[in-house]
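The same chain A turns up in both complexes below, where it pairs with chain B and then with chain C.
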Partner chain A sequence: MISLIREKIKSLSSSEEISLFLKHKRGMAGLILLSFMLFIALTADFIAPKRFDEVDPSSRLLPPSTANIFGTDQLGRDVFSRVVFGARIALWVGLLVVVIEAGIGVPLGLVAGYYGGSIDKLISAITDMLWAFPPIILALAIVTILGPGLTNVVIAVSVVSWAPYTRVVRAKTQSIMSREFIIAARAVGESSLSIMFRYVLPNTLSSVIVLATLTIPSAILYTTALSFLGFGAQPPTPDWGAMLNEGKDYIFKAPWCSVFPGLFITLTALSFNLLGDALRDVLDPKLRLG
Partner chain B sequence: MGLLTYVLKKFLIGIPVIFGVTIILFYIMYTLPGDPIKLLLAGERVTPARIEELRRAWGLDQPVYIQYFYWLSHIVRGDLGVSIVTKEPVALLISQRLPYTLTLMLISTLLSYSIGVLAGLITALKRGTLIDGFVSIVGVINYSIPGFWFGLMLMLSFGYYLQLLPISGYEGPHSLVLPALSLALPSSAYVMRLTRAEMVEVLNEDYIRTARAKGLNKRRVLLVHALRNAMIPVVVMFFLNMPWLIGGAVVIETLFALPGMGRLLYVSIIRQDYAVVQGIVLIITVLTVVFNTLGDVVVAVLDPRIRVERGGGL
Partner chain C sequence: MSRILLEVRDLHICYETSRGCVRAVDGVSLVIYESETFCLVGETGCGKSTLALAIPRLLPPNARLLSGDIFFRGMNLLRINENELQKIRGKEIAMIFQNPMTSLNPVHMIGFQVAEVPATHFRISWREALLTAIKQLGKVGIPDPDLRSRNYPHVFSGGMKQRTMIAMMTTCKPSLLIADEPTTALDVTIQAQILKLLHELKNEYGLTLLLITHNFGIVAEVCDRVGVMYAGKLVEVAEVREIFENPQHPYTKGLIGCVVARKKSKTRLNQIAGAPPSLLNPPNGCRFHPRCSYTTPKCLREEPQLIEVCRGHLVACHNYERVG
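Right after this comes the complex of A and B.
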């Protein structure tokens, strides 16, 4: 899989796609915004003036100042430090959810598109059913069974939202199946597994990359929503959703506790949405997610 | 295939889906820890003989699959069980709260569609101009904003600083304004995007160019020929989106402390009142199937080609 991605990247570099992307203003804006988020996530230990769980009872609910640029929360913790460490959690969670989703959705799409017939009908029926169902409700049901916690929320969100991967990969696979190189591979007796993973999968990769970039924002929005309701990350984890859950009780007294975490969720989701739209325009303009 | 058979077939497909969900729901309830009879009695002192009698009365001495059919027969008759916390029938609890949720969904849909379709049309017609660029960027930002955070910010600005609207609880229809806005924000962006994409596609179609070339009135071409066809997917999205809105309503109703079904679900999960959770998930499943079927039917009525295309699959 990694070698496949490497090949893909090699074939992309110095090609016209790169120059197309570089001219995409919104895509570049997204990339810059995402680099900023990645930067603060990676260097959180150096940027944050305090630890995310450092309590200071003498400075509770202080408004933003030069000492605490985003203010302090109800336990006197530095909101800026918590937001910076929160970037780590948000990006990590987004990536993890997307990897699990693709891990479930892509193989199912390959199998459905490759074999067709009743296997395809069964997989498509399950996918359609899952797609129709409100993901938050399903994720809540799963969290009810598994119990609260960030890991369980990641599992719940991934398990309920892989449907778009199956749909996109299935459609791509179907369109590739009649191509000469597949017919040739079949004629020389390549195994089904080998055809699916060596010949079909690489051709679906650009769609999967676009899809992954565009589903990271919803992964982050769903996991923070569940943390906001109290089912996800538990205190003192500086998850942005959990911070909003704690901050909402002080919304009028100390609005900064709620303003900044939400702002950073928005900026992170925005960076991936801008980047994903640009990648779609460049790599796979016909891709539709609906 | 006639329209009527098509509609009938679509409704029939929904039945096994609901059936499947009831099996999953029952299984989850069955495996959850805790003795339902003890939970029901909640510390009341009764003799072991009375417990045994209740167990028989509720069919809990039977094998699992018999218990399932027993439970199902109650559900079919509209008996969703009793809340362990309030001792009220689940069906009553839900029917008291469902109207709030449906009203909230209706208002937010009206908002998101009027804003989204208008913005979509403007950006499609002014494609490539500054207005298009600006409105499109606002759209991307809108669906990057978490609805619950937007709700908090509305509470802070309109409820607290300006004191124009109630902050939480239900005091009358005006209590639904801020929640409806929070729920409408992301979906208005999706509606705008879809409207724009469809409109741009339709405007490039041959028949629109023909109509223009024939010298037909420009406005007439746009409104009668282009808009009508571009709106089909947008109308379908209206139905397919409804179940997703219920999901959003759970978060927004909880934030604004509205007495709707979404908040009831949240509260019941917290209280481990599983009979209520089960009932609400079941109702949401039925609503999901109904809205999806309606979506399919509307497509079939508006665009007869679809009936042939989608006839084979599910």
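Right after this comes the complex of A and C.
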């Protein structure tokens, strides 16, 4: 089994996809930007000159300078340090949301596409209902019930936005089900579960990967939006959305308090979008979500 | 002849379409004996593939089994549940499909796919399954099977893919191998190789082969007995020599007449006039009567039943005496 995996990696690294991706300029820009974000998130402890919750009443709302390159906020905390630690939260939350979304959406899509009939109708009806709601409103409602907090925001955002996964995987499954190798798999006595997970799922993975990179930015945007509204991370957690919220009162007096977190939100979302577009072009040119 | 392996009794299958029920298999009964090669011949759309798919119950979702029974070693395949069926598929009854290009999963390595079969049916480790797979790949004539087992299907040629399918389907030494036009998608030299391979495996494992084809060359080459289908019905069953030397049904006679003869160049190819009937509402009486040159008023009214004209030779025609 291990040798199998090694073979797969070997054939992957020499594959056409990789060289195609390396030639994709915007994709590479996205990858570099994302690597930068990942780097600051992983090394935040060393990069940040101060702790994110280190309050200094004597130096409140100072403009950017050599001591505080992004300035300080209303409590005298270093904005740069907070932004750097915030990258950790944003990326982690984005990843977590996508994993949960895929965890809900992919199996449902597989089951709906595989069995069809009334099971498909039921799952599709639920998915359609979810599409019909504005996600942020529904997420707000869920957070209101669960109470504020980062975990609850993650749950709320995941629960409202798994529908695209179900849609995409269901459609892919249906097209794969009509392929002859599925009949061949049944002809050698494979069980339904085995066909779903070992024959159909690997064939849908390229679409799921593309969809995941394209939904990470929206996941990050939703969570920061909820944090901005005060439902997400509670102070003193350096969540970018929460920082925007705190900074908005001083937007004219000390714009750096909100500009820098906002810039980082934009850059992170942009990096994932660029990367996702490139992956889509390379892995799955047919999947264009408009 | 030896013992009966498979018996199909009065099988009716239809496809539900928006325009009505297409009766693809309409009252077919046949018997296949152990370790023989039985050929099912007929035009495209006459129901031969549907019949083949019905045996391991792999019909598409819009197909409906109206009535009938399929006995495999005394077990009614149409009555047992899905779990029991999964144990039979691949182990007792295996099937090879027409298009090897799409019959393999593009995301798994060849060796992995073949190894799946013994790993599913026997309690063996993955490593053993993989070794079995490599051995079987070598057996079906894949050169350098150890290395090739780590290839993905897209690097294989059509012939190699079909060999891989055969390896997959024979690793468990099934007793019945259904081959649904296994050579149609391949070029002629590869066709011959694949047929030879099937024949060798059949002799070695003693398996029974149900071969579906519309190629009379293949029939003459490998078959023991032949069943001719027309418009969802079996119209003639006989041993292969008998079919070629003494065809009793006008349709069989026409089909054999269509085969290109090597010596008679410069003559027009024979053909059967007309087109096969729509199975949505087949003609009354004998389904072949609109195209038949022996039609009598009885053919329009009454449907002929299969009758034994001589030992082992069954014909469904009112006028077989005039035809033969």
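The rule is simple: the second predicted complex is superposed on the first by the 277 of 290 C-alpha atoms of A that agree within 3 Å, B and C clash if a C-alpha of one lies under 4 Å from a C-alpha of the other, contacts with A are read in each partner's own complex, and residues count from 1 in each chain.
Keep in mind that, in the parts below, contacts are C-beta pairs under 8 Å (C-beta built on N, C-alpha and C of every residue); 3 or more make two chains touch, one makes a residue touch a chain.
These numbers come from a predicted model, not from an experiment.
Colleague: Figure out whether A:R179 sits in contact with chain B (first) or chain C (second), or with both, or with neither.
Modeller: After superposing on A, A:R179 lies in contact with chain C but is clear of chain B.
Colleague: Examine A:M129 and indicate which partner it touches, taking first as chain B and second as chain C; both and neither are also allowed.
Modeller: It touches chain B, and chain C stays clear.
Colleague: Quick check on the superposed pair: does A:L193 touch chain B, chain C, both, or neither? Answer first, second, both or neither.
Modeller: neither
Colleague: Please indicate which partner A:K121 is in contact with in the superposed arrangement: first for chain B, second for chain C, both, or neither.
Modeller: first
Colleague: Which of the two partners, first being chain B and second being chain C, lies in contact with A:A141: first, second, both, or neither?
Modeller: Touch partner of A:A141: chain B, not chain C.
Colleague: Which partner does A:A269 contact after superposing on A: first (chain B), second (chain C), both, neither?
Modeller: Once the two structures are laid over each other on A, A:A269 reaches chain B alone.
Colleague: Check whether A:L42 is in contact with chain B, with chain C, with both or with neither, and answer first, second, both or neither.
Modeller: neither
Colleague: Between chain B (first) and chain C (second), which does A:N203 come into contact with in this model arrangement: first, second, both, or neither?
Modeller: Second partner only, chain C.
Colleague: For chain A, which residues belong to both interfaces, chain B and chain C?
Modeller: none
Colleague: Give the list of chain B residues in touch with chain A in this complex.
Modeller: Residues 17, 28, 32, 137, 140-141, 143-150, 152-153, 155-156, 160, 194, 233, 237, 240, 243-248, 250-251, 254-255, 265-266, 269-270, 274, 277, 281, 284-285, 288-289, 292, 313-314 of chain B touch chain A in their complex.
Colleague: Mind pulling up the chain A residues that touch chain B in the complex?
Modeller: Going by the criterion above, the answer is residues 26, 121, 124-125, 128-129, 132-137, 140-141, 144-145, 217, 221, 224-225, 228-231, 244, 248, 251-252, 255, 258-259, 261-262, 265-267, 269-270, 273-274, 277, 290.
Colleague: Where on chain C is chain A touching in the complex?
Modeller: 56, 58, 61, 86-91, 94-95, 97, 99, 102-109, 112, 116-117, 120-121, 126, 150, 152, 165, 168-169
Colleague: Give the list of chain A residues in touch with chain C in this complex.
Modeller: So the residues of chain A touching chain C come out as 1, 4, 7-8, 11, 116, 179-181, 183-191, 194, 198-199, 202-203, 205.
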